[in-house]
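The structure that follows is given in the form of structure tokens.
Letters A, B and C mark the chains in the order given here, with residues in each chain numbered from 1 onward.
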């Protein structure tokens, strides 16, 4: 028995705590799936000494974490919700950093024929009209909100047997779409990084309404005095710097540029 | 240390689920000697012993020890018909009651080894008690009861289903205990054993004390027809 | 099927090369779950013994609640712990959310009912066996509990291992309260969920095989330790 306890204690005392200035930032799954974070975080640490801990969640949860003061800043892409967030006093302000774009993914055979669609709205009408299966995130994320606004713009009600709201993150939703050979709206980065493409292919992109603006929102220290407002401010200064611009614009995935830096300096 | 006895029982009764297990019992037991409880199966021998020992709580009446209940409970031990073995080794079973009394470890171990030798289990101290034979278990249970040097020892048919040799060993240990001043109250269905050990006999029927008196009188000239029938080996209802 | 073989190959290479990230998240998995297990045992085992030995009002209800809590979905536990530990919640000032401590708290809540229920079953049986003897020996409540716990230690070890199994493989609760932060709160199960989400099935499977191997190794180690302890006696 004593020996058993000794082994337990030995395991428990294995700690991996290295001291650093830490702050927590909630980001969306799509941003994390892009792989850009893995490029930026080491540079941020080197330049500012800040160890940014990422909480990878849906936009809805990211906003909740920010409103509750459980993170120090959020980086999301849902403009209307962000403005409401600032208006409620949860964040001091909203700073646009960069954008990427959404793409329509679907079966390689493209039964609905959206490849030739004139714009995003037309593509959606084609999918709905053909009755081909469509997978929706259905999780109140930025991508989900974007998708819903596109349906509204296309004047189609997303309902019926063909419409599958899975209530999951981008990767899980792509897995589902791959399994069902269904159409889906994805951010470009998640799609390029996705390892289980199966028969799926990128079918439609380029409509300006599909651009996806990322913004940085530091949590309001007046509402939550414990937040690391100074670190959040340092991080913001870095994110809008020339250095960030070079890194963001220069990031390539499978040879493609994903993000376009558009911060107001 | 004051005396345990006399023990007076007045109107004591134990009921479980609406059924009377034993009682009402009125009885006075004096110090010294061996009291043997006899009676047909189901007459309440076990319940009477457990009631006196305090394992069965009374529903009515009272039991009064000369020294007070709390003191009395520390000074008595009980050997069950089916011995309860702690899931430990023979030696640990013997050490257990001593450690409850805060006897130092080394001393407890020494006493336990002495008792193991006395009951013929000196080679088997490290064995699990649960794998012993029936006779070995009963001897171990008896040693475990006596190791605390109780002033009063209850035994509930300790020799049921034991062979002659084991029975003789147990009776020898009991006689040693009596010689060193331990009061014994024991039930048995073996009339030979009752005759060998008893100083007084308590005949119980339907949960009530039917006859109680010196052993010689009971065996030679029982007072009641039921006791006479019981001694004759007739079925008593 | 090819993913399965890729997964096995991935697991093999991760282990053979002692991949730094793998070692880190594996140790963190062990640290979180073993800490939770020790704390849970300290709560659950005495609780199970008290439930066996003592008769008190609401005892049956307590047992029924414990049994019901065994089936509690970890996600629900995670949410409840999140609400309590959130900065906006009653224990927000402690700043525990998204730390290994929060994950330990959630796992303790998940595995205490399981360990207590399994332990209670064997302790109750042993108490039925020992009842008359221990009362006859004039034992105190504490001595009874100590005796029961010690004499059913093998069954209790099984209960603890069941708790370990549930804890080490749990993902729903620790994902919510830990946040799956790289180098801070990422453990094997949350890493598997993450890689699955990215569609990296073979890496996810590889991590899964590491998890299985870890669970088996811990079980074997504990059985070996408990066996040598009573060698030649059983």
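Some notes on this structure:
By definition in this document, contacts are C-beta pairs under 8 Å (C-beta built on N, C-alpha and C of every residue); 3 or more make two chains touch, one makes a residue touch a chain.
Values in this document were obtained by computation on a predicted structure and should not be read as measured data.
By number of C-beta pairs in contact, the leading pair of chains is A-C. Nearest to the global CA centroid, when each chain is reduced to the mean of its CA atoms, is chain C.
Inter-chain spacing, taken between the CA centroids of chain A and chain B, is 79 Å.
Taking each chain's centre as the mean of its C-alpha atoms, chain A lies 33 Å from chain C. With centres set at the average Cα position, the gap from chain B to chain C is 47 Å. Of all the residues in chain C, the ones that touch chain B in their complex are 126, 129-130, 132-133, 135-139, 143, 147, 151-152, 232-234.
The residues of chain A lying in touch with chain C in their complex are 1, 3-4, 7-8, 11-12, 14-16, 22, 24, 29, 33, 53-57, 67-70, 169-172, 174-175, 178, 193-197, 224, 226.
Contacts from chain B toward chain C in the complex involve residues 50, 53-55, 73-74, 77-78, 80, 84, 86-89, 96-97, 100, 126, 128. Residues 24, 27-28, 30-31, 34-35, 38, 86-89, 92-93, 95, 97-98, 153, 179-184, 194, 196-201, 221-222, 225-226, 228-229 of chain C are the ones touching chain A in the complex.
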